[in-house]
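Have a look at these structures, which come just after this line.
In the two complexes below, chain A is the common chain; its partner is chain B in one and chain C in the other.
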Partner chain A sequence: MKMPRTSIFFGFGVLTALAAGWLVFPRALYERREQPFRFPHKTHAEKSGTSACNDCHTLGKDGEFAGIPKTKDCATCHADRMGSSPAEALLVDNYVKRGRETPWLVYSRQPANVRFSHAIHTRLAGMTCRDCHGAEGESDAVPVYEQNRISGYSRDIWGHSISRLRRAPGDGMKMSDCENCHRRHGVDAGCLGCHE
Partner chain B sequence: MIPTRRDLFAWGGGLAGGMLFTPVPWKVLDDVSIWSQNWPWIPQPARGPVEEKLSSCTLCPNACGMRVRMAAGSPVGLSGMAGHPVSRGALCPLGFGAHQLNWHPSRLRNPLHRGRKTSWEEATAAFRKALGEGPIAIIDGRTGRAASTVLERFAAAHGATYAAARTAEEKALGPYQRWTGVPTSSLGYDLENARTIVSFGAPLLDGWATPGRFTRLWSERAAGSSNPALRLIQVEPVQSRTAAFAWRWVNVRMGSESALASALARVLMEERLVTARGPMPSESVNELAGKTGLAAETIQSLARALVERGPVVAISAGDNPSVAALNVVLGAVGARGGILRRGGGTKSPVPVEALSGRMRAVLIDSTVPWEVRPNVDAEVFRFAAWHGGTTTADWLLPAPGFLEALTDVPTPPASAIETYAVATPLMAAEGSKDAARFLAEIDPAAGSLEDAIKARCEAIYHAGKGGLIGPEPQPVKGLASADKLYEALGNGAVWTGEAGTPGGLRCDLKEWPGPSAMESPAGWTDGWTAPVLPPLAAKLYRESDLRQAPARSDV
Partner chain C sequence: MKARYGMAIDLDRCTGCGACMVACASENNVPRLPKATERTGITPMLVHPVSDGKTGVAFIPMPCMQCEDETPCVKVCPQQAVELDRATGIVMQMPQRCLGCRYCMTACPYHSRYFNWWDPAWPAGMERTLNPGVAVRMRGVVEKCNMCHARLHAAEDKAAEAGKRQIEAADYVPACVESCPTGAIRFGDLNDGASEVAKASRTPEAFRLLARLGTEPKIYYTSKRAWVRALAERHPAGEPSQPAAPVAAGGGEVKHG
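On to the complex of A and B.
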């Protein structure tokens, strides 16, 4: 039986949409931006003996999280070049010697009315860094920063799976991710637990 | 095969239909909604080092302790100060978003004269002229502050009338002031020791006095219990949120609260349920019951329930002498769990309602709620941080916004404990000036705010009573000097004096008061100076509307 011509074109339209939506759209939506230089967590863990995340990403006694280390922290070892890596040369010449902070692109940056306490999640809830950040601490290079062309936020907020199905643990930092995790663990944070 | 027009339509239809099964429409919708939250004209707090400071909320007189989260030197979040003697770690929905108010579109940035932009110099010249021609009145919305001292001193030096707009809680204490001579600013409710509270329309769970005080008590001693340690009986013609959560809701006719208070007093005395003897209401219980819409038996049963578990205290939403007289009958005046006299307090100024007739000018402080308009024919100089819409003021003068100027925070109304705190400026106040500074510039003899606050610190230090609560708790006696006290208060500490003690207040009725019209209940916004809402409050208000009432029993 011969398929009607209209159905063929309709089906072709559906296939075009599916291909564009699932294959082209995710690539077009995000702009890939390189970090200022390659940072190998693995090398630092192996060579400097800083095996715990908290050695560099310090969490103070008062719960204040230092986030990404400052240039002065890097300068404690990298005041001058120690090796031949181009990344280290960039760090030392462009930032340490000039006293400038490295303009890292922050994967987890949220709107200004959102706050997040690492202290509450690690000390009170007993979560590990790996629960959210995966094996980042063992990577050779930090991932490419993918910026959403519409919202301006990192792809890490939505998560790497465009469908948000079958995501890796810790992939995605949308409000619904916070709510779902809180609900699973019976935490009632209310609005003001995260918003201000 | 050459595609026809029909083929293109079929392809387009397939494309549109197929797109619904891709992430495109849903993801674009999500991203556009986020993009729309970050338009360039929406104020964004700066990113920078985060620190936390302690302070006190200055939106209304209720003196809640606050933790202020600062980012790059600006407040970005507020939360309650745990351990605060009165607010006990809680804030109202407005307080949580108060830091957003300084960017509100209704913020006053320039002096306005009848809607036209003008200058401070012109405003000062006009006020000087009015002052020379007199008479004038100065209206304060929050007495007992250092700024109040400046306003009062200026008024005294220039023959002006110093008047005050009172909050609903202060008005409710009015009858005791008239009967005992003790100013309302020295009176408070000892709720912490009460076991039964009968509220005549006071929104105890929804914005009465310092919000955290009663809500904490209620959650600790009453929430979710059918036989609570603290019984709340709410007398109200509508099922308000407080009525919905109360142990009992007494549904009376609108405006019949005085009649019910009188009927209860009559039953208490006739059935000898109390030891008090004295003047009785002239009407019988049946007559009074007829006014309330309740059966006489219901009132008798309610009267017995009142004294079943003492101490008991009655609280009115406003100035209601019958409710105050009921407290006298219950023996709650000057008694534990009732109405106590505490330290501090100032002589009550002329109430703003008493101003009438013709005056040359009236100056209204920014602490006076926007809707308060004195009943006088005068040129009005109105200080305000936010434009509240319709106004009869001739001059609108921009006052500092939230946490933009130094101010002190005296004991909140209705508190049984004397407290004192200082809120230091955490943001720059550009182009604004408060009434106290405005008047001190005209007549420096009125004194400065800083000096008045330091004088209060001196007085507290030399009295040597009480202690500091906050970052470094310690007794006042442990401080090296009054300057150290001033410094500690500036860093967010709260001075707490001694709680009121029973016996310091005696009240005898000479005759039973006549019925009075009931004022409408106060809400979260009562006594609040800013006539605008922060965005966060809009969200929190909506959430509080959705609260579910627990199972309750009606009378």
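On to the complex of A and C.
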């Protein structure tokens, strides 16, 4: 039996559109940006005894989360080179000795009108870092930062799973991800609870 | 326990210095708008001078009145960009959700809402002094006093760090209250009967603006002067029981907004 030519063209068009939407567009949408240097969370956890996240990513007495440690915190150990890794050489030569901050690209950077309290979620709600940030603390190198070319936000905000099936825990930090968790736990924060 | 944050402003102590307006603008990242007029500027806290037409003068600092129950702006907003927070009693405006129809500005009997007619701008270098806890508003949205919500957030964070859900009263004080040199603006929880605001709101000198509308504002004023208290219920011409019309310090009719 011979297939009509129009069906072949139609099928080809459908497949092309699906491939473009599911395979090409998600790759084209994000610009891949390298971090300033490789940072192995795993090595730090094993060698320095800083196994808890908040040994370095501290929560201040006033409840303010410090985020990524400053260069002076790194310099408490890395004032001079301790090993032979090129990443450490970059840290010591470019940032510690020059007294500059490392321009890390922050995966979970939110828009300016978002208020998120690490203190409330970890101290009162009993959540762990891993619930939102995944197993980043066990990685051997920080992943490539993928920046949305349209919005400018990190891919970690939208989430890595395009189909939203088989999502890793903590994949996605959109407003709907916050809302879903709040709804599951019956917590109503109102608009200005999470916005400013 | 649920709070109902409110203010009690002593009009006999207000000198009209305007420190509250400046503190409010700098706390809430209010932009500098060279083209703004009295009608198009953004003044979440505004001090109105009033006079009895003779020797008496007074100054009325007007933030958002934080109405309850019959909150006009909440009722008319087609976007649900403003809501009454049942946990704090604060009428919360969400400028990011606002579509800019300005229905709320028409509905607000206190003229406490302001429209962003221009994109925000600051003199060169001043962006670095902006408050990181308050998002800058874009052109085309309405904003108002949110009772320094960023300070409430900071107080909540501090309490949470210590493992507490209840904030310390001293940790949450709006900028206008903190800056008032004569202590005319008092702030606190109206549900806490022992608080200074709750006590002041129960005195015979206490009154609220346009109380007859039933909007139940949580901003109370106090004054020992009867003519100042009478200003709160000025009726438009034609409405009954109209008190003698006071005039503004400049000589004209008292303007609100």
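For the reader, a short list of remarks on this structure follows.
The working rule: the second predicted complex is superposed on the first by the 195 of 196 C-alpha atoms of A that agree within 3 Å, B and C clash if a C-alpha of one lies under 4 Å from a C-alpha of the other, contacts with A are read in each partner's own complex, and residues count from 1 in each chain.
Here, contacts are C-beta pairs under 8 Å (C-beta built on N, C-alpha and C of every residue); 3 or more make two chains touch, one makes a residue touch a chain.
Here the structure is a predicted model, which means the values were calculated and not measured.
Aligning the two structures on chain A places chain B and chain C in clashing positions.
After overlaying the two complexes on the shared chain, residue contacts for A:115 are found with chain B and with chain C alike. Chain A has more of its residues touched by B than by the other of chain B and chain C.
By the touch criterion stated above, A:29 is placed in contact with chain B alone, chain C being left untouched. In the superposition on chain A, A:20 makes contact with chain B only, while chain C stays out of contact range. Touch criterion met: A:64 reaches chain B and chain C at once. Once chain A of one complex is fitted onto chain A of the other, the partner contacts of A:191 extend to both chain B and chain C.
Legend: residue contacts after superposition of the two complexes on their common chain; A:9 is shown touching chain B, with no touch to chain C. When the two structures are aligned on the shared chain, A:152 is found in touch with chain B, with no touch to chain C. Two complexes overlaid on chain A leave one chain B stretch from 73-81, 127-135, 271-279 or 433-441 clashing with chain C, and it is 73-81. Shared contact residues of chain A, touching chain B in one structure and chain C in the other: 64, 112, 115, 191-192, 195-196. Those residues of chain A that touch chain C in the shared complex are 59-64, 112-113, 115, 117, 119-120, 123-124, 190-192, 195-196.
Chain A makes touch with chain B in their complex at residues 5-7, 9-18, 20-22, 25-26, 29, 64, 111-112, 115, 148, 150-153, 158, 162-163, 191-192, 195-196.
Chain contact summary for the complex, chain C toward chain A: residues 83, 85, 87, 90, 92, 94, 96-97, 133-136, 146, 149-150, 153-154, 156-161, 163, 165.
On the chain B side of its complex with chain A, the touching residues are 3, 6-8, 10-19, 21-24, 27-28, 30-32, 34-35, 37-38, 44-45, 47, 50, 69, 76-79, 96, 536, 539-540, 543.
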